[in-house]
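Read through the structure below, which is laid out as structure tokens, and then see the notes.
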Amino acid sequence: MSLAVQRLSREFRSPVTTGLIAGVLALAIFGVVRGGTFILVDSLVTGAIWALVAAGLALTFGVMGVPNFAQGEFFMVGTLSGYLVYTALSGVQGRPYVPFVTILMALVVGFVLGALVDLAVFSQMRRRIREGWVMNTFVVTVGISVVMINAHQLIWGTDYKGIVAYFDGPPIHVLGVSVALDRVFAISVAAVSIAGLWWLLSYSRIGRAIRAVSQDEPGALMVGINVGRMRTLTFAISSGLAALAGATLLFQFPSFPFVGVKPLYVAWTVVILAGLGNVGGAVVAGFIIALLEANTGFFIGSAWEDVVPFALIVLILAVRPTGLFGRAVRSVWEQ
Amino acid sequence: MLRVTELDAGYGFLRVVHGISLQVNQGELVALLGPNGAGKSTTLKCIAGLVRPWKGDIAFRGHSIGGLRGDLVNGLGIGLVSESLNLFTGMTVYENLLMGAYSVPEAEKRRRSLDFVFSLFPRLAERRPQLAGTLSGGERKMLAIGRALMGGPSLLLVDEPSLGLAPKLTQQVFDALRKLSDDGLTILLVEQNVTATLEMVDRAYVLEQGEIVLEGSAQKLSESEHVKDVYLGVMA
Amino acid sequence: MTAFLWRRRGLGVALLALAVLPLVPPFDAENFRRWLVISALLAGWAIAFDFTAGYINVVNFGFAAFAGAGGYASALVTIHYGLPIWVSMFAGVILAGILGFLTGVLTLRFRGIYAAVAAWFLGLALLGITRNVSPITRGPLGLIVPTFFSTDSNLPYYYVVLAMMLVTYLVLKAVTESRAGLAFRAIGQNMEAARASGVNPTRYRILNFTLSCMFAGWLGAFYAHYYAILTPDVMATSQTVQVLVAAYLGGRGSLWGPAAAAFPLVFSTEWLRSNLDRFPGLDLVVYGLALILVMVYYPGGFAELVHAIRDRRLRLPGLRMRTAAAPQPGEAGAVLSDVRE
């Protein structure tokens, strides 16, 4: 914990970061005053889920140097397995444990699929490629994305496979806004998963080993860490988180081949804003982007929800190329 | 304990180590000396499994470990303190030491190693919550040695501990190594600081351009004309 | 000039073959001719893409957006000002060039993946704008665009796009063989080292982006006046992915490799699509798998393969000597340690 505090306090010394945080707070207050509290609640729910998808993206980049273009497709896998499991459990739908079983299954499917992809693709590449790792893996993930999207179409078709809601109880009221139970569920799942990820990375033996690999690979080998296994695990965790997010948001994002596009865009915006490879920053930036989207959607029109964040990110990048919280990015990562 | 036979190694098309053989017995403190670019670090990395040998055999306690992956070599009880140290700069001193004991399952054993490292380098105990990236050069070196000791190795490989240290600190580090050796740890040390090294070690090998040109007891080497000429700067 | 042409005699043979191809059976069927048009268009784009990716080592992931912007500019100019298509196309060149220039300026400070993502986001923003300013672009409804010819035949279109592809290749190749080409490769390999040896990275990166986007926009204009309808989808990432696949399968840094890869790529995917229409999506699964396999096992692509075959024939004894003198690199000499040292 002290570490996180140390780092945060260091980051707040930068005027750009402080200015940006102030700007976001101002935006939040403005949104709430002019638009209503629902903007805040809305941003909290989506922000939490985006943070989950983006944290995985940041983790894969930080540990493996893989800028994953297929992250959205693992979200898609989550929606799909969520849908398949949930409909398969139709006999017992309505039982309170069913949604939990559903998202857990999605997590497992995403995790296993991620591990397989790493073993089949990235581990093979590690043995062969000496230079241009980052860009080459990026292109490979583009291929993975194409394969996954079209495999979905090939096997399950292009129609929307969604559910109305996991929970059909009455909405609860927060800050004068009524929030559907599914959204409460979503934000709780996201909060628990982020806390879990944070605990895993900060305090567990495996989490430390993952961080060790991201900080110094030969060093990790020297203390006896099976570096290859840690990479596989990292990719599996990040795919699992994306799938979990997808299953959790199934009520809002019915499964179809291209459902991953939106989460992919958002996750990348978040990660670039936070600085590539910065897992903690990704969580914060997830909320910033969600707030920005909610405000854009309300004040300018939902068609511009995507455009404004993209344009803004490019501007932020022009001022701070390493992202909001990024430290000087190491040269290996820029290949 | 360690026996290297006819080892060939290099990078890409470039061969750096040409058929060298060396041996370190249980409890010995042995030095590998030589000028820059001789291939000393490459030899250590081969033993530690960070560079794959091209040819030849590396045997540790009678088992061949040539070409074994670094993490597995570490698991067999070989600790490496590399030239660049390879610390986890974003972790605290304590976490780095903990990572050193990554493959030690018993908490009790880890605690004892930690106490031992802190008694060897009290400085590290003071710096426990500090990020490794913010340590001074001397402290980093201590941390790297400490981290390697945390795994409870039976053979310690140390690459140029005197690099970039003031003479006084070098002496401290050497004293620590000597103490470890006296306590029974087997050590293979790579050094360029020939005078100080020969005063401390039992035996030494001299490596030049990838080949062993001299070997013998510390006594014998410090009297050798070649060593005097080239390394000690004594005018004949 | 003659030397420049003589060194391109391989190109001449290839072009001749491509020129007569739509006249010989079975390629004289209209649907094969259509595939040829698509191939040549993709080849042209792949050349322009490789000009950036293979030389200054920046993947312009917003490529399709710039190409599409060129298409829209040309279409709108013909529609509103009644200019002949041959003239209005240059509106596309200019708009895409300006956008490329701006992108070059904006992404100047970034390298590698950051530059790719910045260009990608710019492209997405452009796509969003195009979709949203429907009074001008008619948004997703699609803009009806006048075509080059009133005929239904693909043949005249094919010769037009083939010529455009050729011009793209010759101009960009000439640039890469000039001093600028050396500068591109230098900044692509190591920006700091290039700067230290007197190359101005700023100027060359902007020049590269501008040129590449100008040709992308020109070919985008062809696209508009060939398909007769433009929707914002032409600017989508999936479109960039197609170009990127051709460029990477063909082999970066050769210009001709990406062009050569475009033809079999289009033919195989179109064939799969039309013959296996019971399995929608199968063509793209195959396509994605091909990309993954090539990137994992042979990242040099088709161009590298051709070079390897040619070099081995020329210097076989030398190669043998080298392998005899030193152990095989790859396997035995693999360096595990210095990944991040």
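First chain written, first letter: the chains are A, B and C, and each begins at residue 1.
Operating definition for what follows: a contact is a pair of C-beta atoms (placed from the backbone, for glycine too) under 8 Å apart; a residue touches a chain by one contact, two chains touch by 3 or more.
The shown structure was predicted, so the numbers you read here are calculated from the model rather than taken from an experiment.
Visitor: Sort the other chains by how far their Cα centres are from that of subunit A and give me the top one.
Guide: Greatest centre separation from subunit A goes to chain B.
Visitor: Taking all protein C-alpha atoms shown, work out their mean, then name the chain whose own C-alpha mean is nearest to it.
Guide: A
Visitor: Determine the centre-to-centre distance between subunit A and subunit B, using the mean Cα coordinates as centres, and give it in whole Å.
Guide: One centre to the other, that is 42 Å.
Visitor: If you average the CA atoms of subunit A and of subunit C, how many Å lie between those two points?
Guide: 31
Visitor: Could you state the distance in Å from the CA-based centre of subunit B to that of subunit C?
Guide: Here the centre of subunit C sits 52 Å away from the centre of subunit B.
Visitor: For subunit C, which residues are shared contacts with two or more other chains?
Guide: Within subunit C, the residues that touch at least two other chains are 334, 336-337, 341.
Visitor: Listing for subunit B: what residues touch at least two other chains?
Guide: 49-50, 69-70, 86
Visitor: If I count partner chains per residue in subunit A, which residues reach a count of at least 2?
Guide: 216, 218, 221
Visitor: Once bound in the complex, which stretches of subunit A touch subunit B?
Guide: Result: residues 2-3, 6, 205, 208-209, 211-212, 215-216, 218-227 of subunit A touch subunit B.
Visitor: In the complex formed with subunit A, which residues of subunit C make contact?
Guide: 57, 59, 106, 109-114, 116-118, 120-122, 124-125, 128-129, 131-132, 241, 244-245, 248, 279-285, 287-292, 295-297, 299, 334, 336-341
Visitor: Which bits of subunit A are touching subunit C when the two form their complex?
Guide: Listed in rising order, the residues are 67, 121, 124-125, 127-129, 132, 134-136, 138-140, 142-147, 149-154, 158, 216-218, 221, 257, 265, 268-269, 272, 276, 303-304, 306-307, 310-311, 313-314, 317-318, 321, 329-330, 332-335.
Visitor: Mind listing the subunit B positions that touch subunit A in their complex?
Guide: Residues 48-50, 69-71, 74-75, 79-80, 82, 85-92, 95, 98-100, 102-103, 129, 131, 147-148, 151.
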